[in-house]
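What follows is chain A paired twice: with chain B in the first complex and chain C in the second.
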Partner chain A sequence: MEALAMKDSAISQNGTERTLYPYVTGTSVIGMKYKDGIIMAADTGGSYGSTLRYKSLERIKSIGKHSLLGASGEISDFQELLRYLDELVLYDNMWDDGNSLGPKEVHNYLTRVMYNRRNKFNPLWNSLVLGGVKNGQKYLGMVSMIGTHFEDNHVATGFGNHLARPILRAEWREDLSFEEAVKLMEKCLLVLLYRDRSAINKFQIAKITEEGVTISQPYALKTHWGFSAFQNPSKGAEGSW
Partner chain B sequence: MFRNQYDTDVTTWSPAGRLFQVEYAMEAVKQGAAAVGLRSTSHVVLATVNKAASDLSSHQRKVFKIDDHIGVAIAGLTADGRVLSRYLRNECINHAFVYESPLPVSRLVVRLADKAQVCTQRSWKRPFGVGLLVAGLDETGAHLYYNCPSGNYFEYQAFAIGSRSQAAKTFLERRFESFNSYSRDELIKDALFAIKETLQGEKLTSSICTVAIVGSGEPFHMIDQKTLQEMIDAMEIKEDSAADEAPMQDEDKSTEAAPMDI
Partner chain C sequence: MALRRDWVYENNGGSALNLPISFPFQFIDTTCVAIAGSDYCVIAADTRLSVGYSIYTRDYSKICKLAEKCVMATSGFQGDMKALQKNLAARHLIYQHQHNKQISCPAMAQLLSNTLYYKRFFPYYTFNILGGLDNDGKGCVFTYDAVGSYERVGYSAQGSGAGLIIPVLDNQLKSPSPLLLPAKDAVTPLSEVEAVDLVKDVFASATERDIYTGDKVEIVVINASGIRRELMELRKD
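Our next item is the complex of A and B:
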């Protein structure tokens, strides 16, 4: 009777289930390489459907000494991933032998985890951005919830792919200074703020260089709503509706 | 011998606190044909003596490539060595699959040592009868390790194992302090010299030895016979011109190969 009553459930004939949709979600993450390392930004919002339920989520975390991980999608799955990575970094540190996990290794590990979960029809519903610097080498990659993974000079998740990447394709350069990179990032974040319904005006920008990780305190961008069309909103709206 | 009372089982201690079965396993290593390893800051060289059981048969394989960045040379029960090489290759390939990067040499040798230790603490197992010289390159530099049947491992600048390895060790002890600054070719040359020491007068040719090298920009590979013979010839020309030694004796001075070497 269960399979009949709960059309929302995915219990099939043999009683197995699969994840259908996420519940608390984060929106876009943007990442790009710049002269000294990687810069990554995300807002601090967690939506529960169309409700803005959580307004102070940190969606970018540092992993080990050399990597940053940003995630969009299901927040609880992101927290689960952080637990896996915590254990991974712990064992790596316990070796205490001069070797350490770099961004390439973490990226590949995450790919394996995501792909294996997808194969069991129980995905971690996230799009991940993994960036880092090790031995002078900059690394920036993405992993999706189905295990698709790639590296690039700039990446974004969710709406960022549609709204931010075109800007980055036009204006990104290999030798951006930190200030220029932040400006470019804020340009992308502003577009997302205007156009993505689940974006909020509270961002964190994180940077990672050979020296280490800095995650900024949350801050807001200046928005402009003083358009003449907004002055008299119902001006062109005569009619029965 | 008086130690025979406590040597039946690997899980029996002697009153003196020794595990004789483990020590006997290390004897097997000492009976095998010689292998040497040398390390500089950027390269590691392995060289072995390959005795064939008879002229009709092929030579024993004693050097195995484990991954692009790691190789091993073995001495002792070569069958055990082959099985352990398969294990090492598996560990490397599994790591590379998950992390897309080479397994650090130190972590590989620890896993090998732990595997060897298990066999010293189970009544239904016996220790591996093979010693491995593990040569590899990773982020932290060039490394040479020796893994013992006892489960111990040590890192070395240079080392020799197998029969008559003491002669090679004496040679290496005189020279090892300058190895770090050696070029690739100097390292190979000294490896060949060290192997020659273990031959005790028998002629060194590329058909009875194997030399392998791994280094920055150079994945682990064995040096082909032709190049090797050229290096040996160049060595001997320099030696003869120093010319205070009697010329090499051609008569075959092979000792009986220990049973495990076949």
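Our next item is the complex of A and C:
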């Protein structure tokens, strides 16, 4: 047991520790721009490997006055990032000069943080979605755990990249109303719910506009499992499983 | 267990080989091309940002204007690409403060080489091409590997599509051997319009066969009158 622990542990002779792999993880986050701002959604689950350990995690938080941050990956690293950002916003407020950090600035800061942690071989194991509106300008970007970053009209992390982005590429438009954006978002979330095993049926949708941030209460989507093929599973082979 | 090699250089292309170390022997994504002419320089790169088999975005520029007459195109790991561009842009600002002028392309070429070699033992995983006008107003192209070895050439291609493009450029541009004496000029006799057309053609061809090349190609042309930029659509599959 000790031998295994020593092999797995990152504690070497000089006593340093660094992240090797994630433990409690959140699954996809999806974000898209719509007419008045940004809309972002994530489920509220935290998995410990294949166990669903936490069912009420808030994986989308507001940063300063103009940004929303959604994270997938290691939850404790997300919490660490929130501490970094708290300090950043605090120092920004202390200038007391009427200026405030916009989403572009926060995205750049996060990119630098993630990249530099990766350079020290001690990454924050997250994929982040950063969205916001400042002075009428909408901004939506993503940062991965090694510092790969970009901005686009719609972004997604993890499985969302494979399942949600194709839907968004086909159906996203510049001038979506809030209701249309929510419908499109729920379409993506439903596909993820059916096909991502670490997704749970409890979502929060957050929106940010020039006026401010709203993060919804958690709610569930209607799913349909009444397919005839599910009715009698052993129909084709009686006695088998 | 997520081994160190799996994530440190995730590098926008995934890993084809399973080496115990994560050094530049993996898939390189994106394609960059540059051609030097007698009084112009064309630099081009596609705008697709891909990671593994996914496309993150179709609209990511890999070309960075470092100085008035000096533009860099980069392929490879995007995190390092951005860090390198920021590093050089900052160094150029300091240069301008100290020398009260824009840096020349050959000087920036040396600076890029030194910056890359500085991280010889944890490299910037980037494959760069620097293009611009030299001090005589002639087009110049410098091509690099990940750790800073560089050479001035008449044309170059880097990235995943380079293997598809360089043979075509060799055939069309017929650059004289650098071993000839007296030294013959490497810049192409083609006109600017012909060179831009050639670049569009090679990108269209590379897009057909390389999965990491496509979406759009951003073409930047530097000549005596300044810098001009155009975008051309490519296949999105």
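The criterion applied here is as follows: the second predicted complex is superposed on the first by the 219 of 241 C-alpha atoms of A that agree within 3 Å, B and C clash if a C-alpha of one lies under 4 Å from a C-alpha of the other, contacts with A are read in each partner's own complex, and residues count from 1 in each chain.
What we mean here is this: a contact is a pair of C-beta atoms (placed from the backbone, for glycine too) under 8 Å apart; a residue touches a chain by one contact, two chains touch by 3 or more.
Model, not experiment: these values are computed from the prediction.
Asker: Could you check whether chain B and chain C clash or fit when both are placed on chain A?
Answerer: fit
Asker: May I ask you to decide whether A:21 touches chain B, chain C, both, or neither, giving the answer as first, second, both or neither?
Answerer: Only chain C is touched by A:21; chain B is not.
Asker: Between chain B (first) and chain C (second), which does A:146 come into contact with in this model arrangement: first, second, both, or neither?
Answerer: Only chain C; A:146 stays clear of chain B.
Asker: Does chain B (first) or chain C (second) touch A:97, or do both, or does neither?
Answerer: Touch status of A:97: first partner only.
Asker: Which partner does A:180 reach: the first (chain B), the second (chain C), both, or neither?
Answerer: Once the two structures are laid over each other on A, A:180 reaches no partner at all.
Asker: Just checking: does A:105 make contact with chain B only, chain C only, both, or neither of them? Give me first, second, both or neither.
Answerer: Touch partner of A:105: chain B, not chain C.
Asker: Would you check which partner chain A:135 touches, where first means chain B only, second means chain C only, and both and neither mean what they say?
Answerer: First partner only, chain B.
Asker: Angle chain B-chain A-chain C between C-alpha centres, in steps of 10 degrees?
Answerer: 60
Asker: Among the partners chain B and chain C, which is in contact with a greater number of residues of chain A?
Answerer: C
Asker: Measuring by CA atoms in the overlay, how small does the chain B-chain C distance get, in Å?
Answerer: 6
Asker: What residues of chain C sit close enough to touch chain A in their complex?
Answerer: That would be residues 1-2, 4, 7-10, 12, 49, 51, 54, 56-57, 59-60, 77-79, 82-83, 122 of chain C.
Asker: Quick one: in the complex, what on chain A touches chain B?
Answerer: Touch list, chain A to chain B: 95, 97-99, 101-102, 104-105, 107-109, 112, 135.
Asker: Residue numbers of chain B touching chain A in their complex, please.
Answerer: 97-101, 104, 106-107, 138-140
Asker: Please give the residue numbers of chain A that touch chain C in the complex, ascending.
Answerer: 8, 20-22, 111, 115, 118-119, 121, 123, 142, 144-152, 161-162, 165
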